[in-house]
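Structures are listed in the sections that come next.
There are two complexes below, and they share chain A, which is joined by chain B in the first and by chain C in the second.
Here is the complex of A and B:
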């Protein structure tokens, strides 16, 4: 408040530039330390906790000289800090080693499976926001009514139900009993070899190529897992929307808008929701990150060939390189979304910009 | 005169509790607890949640008495995959002829073990980090909070998966993994509470009396953080149960033949098309318990922490 008075007009722009430089520096520090932290934790998990990683690779029957050579090859004879330096360098260049299970470099495996997870989580978030936001608005406007109670229960169940169990039951019901959706997997075996994806996002690819029958099939495969993930983000989004909307509807500008004679629809959707939208962007971004992670369990049930299934398959085969690579990729996306949502919040909310 | 005291006897107990001039520390504490209970019990759903949790604890204690069959030894000869409602097997049996009800009752012990241990490990870590961070300020605060934020930015389930993968599957490792990934929010809460009491007069008075920073944090700051922390831990319980069940479902939690609910769902997966109850029943148990914790947590938040409830 008092800053504009003490800073002379000529120095104000320099002060602002200084502020910008400072906040950019702060962001850089946050990004670097967070990423280093992620790498340190995964390094600890992969290299320090296992009693002997060499034994984990070779088995306990290997002769002594082989063990010694492998130890050197894997760099375990070096001091820990040097190992960590090499680990960070490799991770930054996208080199996570070779997967024992697929014998491919982990990075190329991840590049192959990641679009499937991305498509699933994106569609899930779209479904969750398109239904969750209106439900939250409805609950806030009709506070205390039956509709509010129903939205509350739907949200509570979403918070409390194990996702893999709901996935199994919905598969039993919608696939086995009703035959509304296709069996687990991403695409029918008929199209598996005739359809060549471009981006790896099958819905977009089939639309782009104008293959309507493929699009229909892909849609029948994705709708159930995406719908389930959507339900989980809906639970979170509707609850947060409700509390943001209640907060906005209690403000004085709403009273002023009513006094002006604006229609209730205009007040709710044009004025209140518009202000509630700023924190909502953060909430939706965070739930998107949560779905990327939540897809681990969902993908296992739906045999969805994404990053989650890749990680769990590697887990079951003690393929540590693949597990760590997958963890680092999901962690990086998580961190990126966190920082992006923070930045977005700053640009959307003029109050945080002023300072 | 004596008549009037007799008539108001039922009231005096309440008046004693509600007194705004308590004569002893005990009276003040009981009075506060009574008012909190009044606020809490006005919320029917919260009381329902509390009942579910109490029931879970009772079942866990008396599982041996309540369970009609052994949770691990089944009747392979005559009772494989019986549907619910079969004589002697209320919820049916699984592929090894084990009574699902008995397994669920015994599994409540594992669920309770997981949440209690995670709470015992994670909450004190978070409390200590947050209280020290908030009280010390300066670079200690900056470093501790940076570490907390780093952990907050991690995907919890995936990190827990990687931990268990490195340490080997098992219920202890699952508990450690969940605890390691769940302390940061507690540190944040404890720090916020500490900042709000740090410059208050009673802390200044204690400091003036020569108390060491260690004693101040331990005896005078941490107790102030407790109510928010309890609320948050209760709300997190449902998430902890779901994570533990998820690890169990992936085969990384409790190992067979332990009747862990998530692992029971995984083993029922193969029969889902024809014997739906094997996978369905444990899921209902998980749903009820985590719903109970969510309801209880919401109620506690409204009763203990009216600011936070947003109403």
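Here is the complex of A and C:
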């Protein structure tokens, strides 16, 4: 907002504080409604899907009286709105219920599976952007050349080939034939009991503890699934980079820079990419958030005990507490990443700061 | 000018490749430790490790390897039982009281001695907790009020079990081999019980250690359970206090792997020793690999489809019979279930007392058309089938869809998730349901009851047997015969009664049994003594060794 020049200093700072309070309040309202909406939608979808939740708890073979008693105990015979109220009330006190499938409190399950996905997604995004951005730049700069065509084909393949198939194929090649990588899971059983994770991010934990052989083993386990996820985000990132860069390279300031006699490297990396980076941040953040949801197929193939597998498994078994807990975590991740990319946006784009 | 950009890219890729090679310089061949067996297995069905609550196939196997029971199935002839913790037993003349003499000097993994007190407590907690599998014991007339009388230790070495009717002894003993018959360490469990406020649904003041035993362990088996992490791993270690022969392996690890092709790759590479969920294609490849071996065993699960009698067309007896002629058994047997099942048309699986190895039906479209004409449906009709979207069920449903079309029956497939189709089935809102049925315990009564007993055919019926789910009003005499077989002391006569029942169901019932499941496993060549049993309770790994 613009403040008239005549406002005295004290008033100005009060107005600024007001503005801050307002934007924080608005932010809080958005977050609360987002969470409530998220919960309500997931909750009611979970209750109307044609699966009997008691069946999920007890299996097909439980006798009738056990089924009835369990229905009663789990509160499924109460009206829907009451069930929802109870759920939200408990959730506010930090109790997200117990997962039927694993018998653990939902949040302790998620604390166990989320680091696996976080580690995979982070490495995947790093790989994807470190390779994807330069490739996109290359394609834009050499528009129409062979290099451009190759980058576009690579992107297209990454975009259209089913990840399931590619995962199996890469396993066959890098694991079964070349034996460069390790499989299955996150860590070899040899280290299963000699290595105690702290954060659950095995790469960091093993580095922290100075266990180099563990680090190597973990790296060999993670590199292929992370590489695959990286390839998929690379496909997206390089395409977007290319089109952002093409847009920038056609601008007049580039012509001006060239006329000024700046080196081409400076023009591409210092000027064009700098400007293309602004929307690119959003692209990378979104693709990162997507990976953080957990890539179900990748996790299935690589026997990776992550969030995607956990939620899918729970959903298929109508284990609604687990699904709701997972939804909240994913929702939080999206909100957090959005805030982060907004902040980054402000640092990268001076115009957003000037206002 | 452009070369500077190229340099960037080149440096980046070179760096990435370098680090990859540095990190991945791998040992030539991965091998699991010599004293450890690693099995790749889909263990996502496990929801609890408490033997009083567990009713899942994977848990049955883990429990059988980590707990001792009073009696066990004789692995060489599963229609008989042998003593485990019990040295011998007698049945009173009225057939009501079973007296078990315990083996002396047996110990739990914790070091506590195993006594008849532990057996009594194990049964008491099953009955009082009253979880899903409790009926296997409560069907003998045990209730929370009388269990301490009916199942009690007369002294440290003698356990008596009193049933309410003079059942066939084979029935009673078979039920004691189920997971609920596992003997828990009373002293250890009592250290971990949680207090509960009694209520109308649950009138006891403690949980009999249920919460702790969900992931805990209190057994005396050849292995002890070290850890279960849901959807990740089950780790068992040698139990040095085991009364029997010590296991050659120090450790057995079940690693959760859902994917058949992944299991095959890991088996070929040597990262797992046993692959448990191989699909036909991968199993075939494994069996052709000289470094690997395979094994298989028929399991107590039958696959069938059934006709809901609420549907007026399906309720006609001729239609039910026609359906039995409209299944291409040969084609299904030689392709869809090759290696993972064999054609089997009677409701008792192979290996159980009273099995009837008869498969009289063959595909015969002309005969089926004749029957349909007799029912006044020469022009066919439309019908739906609820199909769980997994193989081989989907494939079989599609095959049936094609063969039915030859007799002008238009069948629509409604695909769904397993729990979804099951919910519909249990609400009796299906037309045709295709699925599998596994025995609850290793006794013919388990299947006989579900296929031939339906005391209340109304929608409110409490006993949701398969007969009830298909709204099938079972002839009274059949139900009577099924119940009489339970009381038949002579095992041979008892077997005959079940054979007779199977013949009747085969001829006149809305069930079309197609095949019996075969469990397969791929093994590394150095794995010795690995044998799959006819049930998951008999998939023992304590005799397995590695060269």
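Heads up, the rule we're going with is that the second predicted complex is superposed on the first by the 265 of 355 C-alpha atoms of A that agree within 3 Å, B and C clash if a C-alpha of one lies under 4 Å from a C-alpha of the other, contacts with A are read in each partner's own complex, and residues count from 1 in each chain.
We take it that a residue touches a chain if its C-beta (ideal position, glycine included) is under 8 Å from a C-beta of that chain, and two chains touch if they have at least 3 such contacts.
Not measured: the values here are computed from a predicted model.
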item	value
Touching partner for A:196 - first (chain B), second (chain C), both, neither	neither
Touching partner for A:41 - first (chain B), second (chain C), both, neither	first
Chain B versus chain C as contact partner of A:316, first or second or both or neither	both
Which superposed partner A:49 touches (first chain B, second chain C, both, neither)	both
First, second, both or neither for A:243, with chain B first and chain C second	first
First (chain B), second (chain C), both or neither touched by A:264	second
Partner chain in contact with A:162 - chain B first, chain C second, else both or neither	first
A:93 touches, of chain B and chain C: first, second, both or neither?	neither
First (chain B), second (chain C), both or neither touched by A:103	second
Comparison of chain B and chain C by chain A residues contacted	C
Intersection of the chain A residues that touch chain B with those that touch chain C	49-50, 168, 171-172, 176, 300-301, 316, 318
Residues of chain A that touch chain C when the two form their complex	49-52, 55-56, 58-66, 69, 72-73, 100-104, 109, 112, 130-131, 134-135, 137-138, 141-142, 168, 171-172, 175-176, 179-185, 189-190, 192, 216, 219-220, 223, 263-265, 268, 300-303, 305, 309-310, 313, 316-318
List of chain C residues in touch with chain A within their complex	1-2, 4-6, 8-9, 12-13, 16, 20, 23-24, 26, 28-30, 32-33, 36, 38, 40, 44, 47-48, 55-56, 130-135, 201, 214-215, 229-233, 235, 253, 255-259, 261-262, 265-266, 268-269, 271-272, 417-420, 422-424, 426, 440, 462-464
Interface residues, chain A side, partner chain B - complex	30, 33-34, 37-38, 41-42, 45-46, 49-50, 156-157, 159-166, 168-169, 171-172, 176, 243, 246-247, 289, 292-294, 296-297, 300-301, 311-312, 315-316, 318, 320, 323-324, 326-327, 330-331, 334-335, 338
Chain A contact footprint on chain B (complex, rising order)	146-147, 149-151, 153-159, 161-163, 165-167, 238, 242, 245-246, 249-252, 262, 265, 269, 272-273, 276, 279-280, 282-283, 286-287, 290-291, 293-295, 310-311
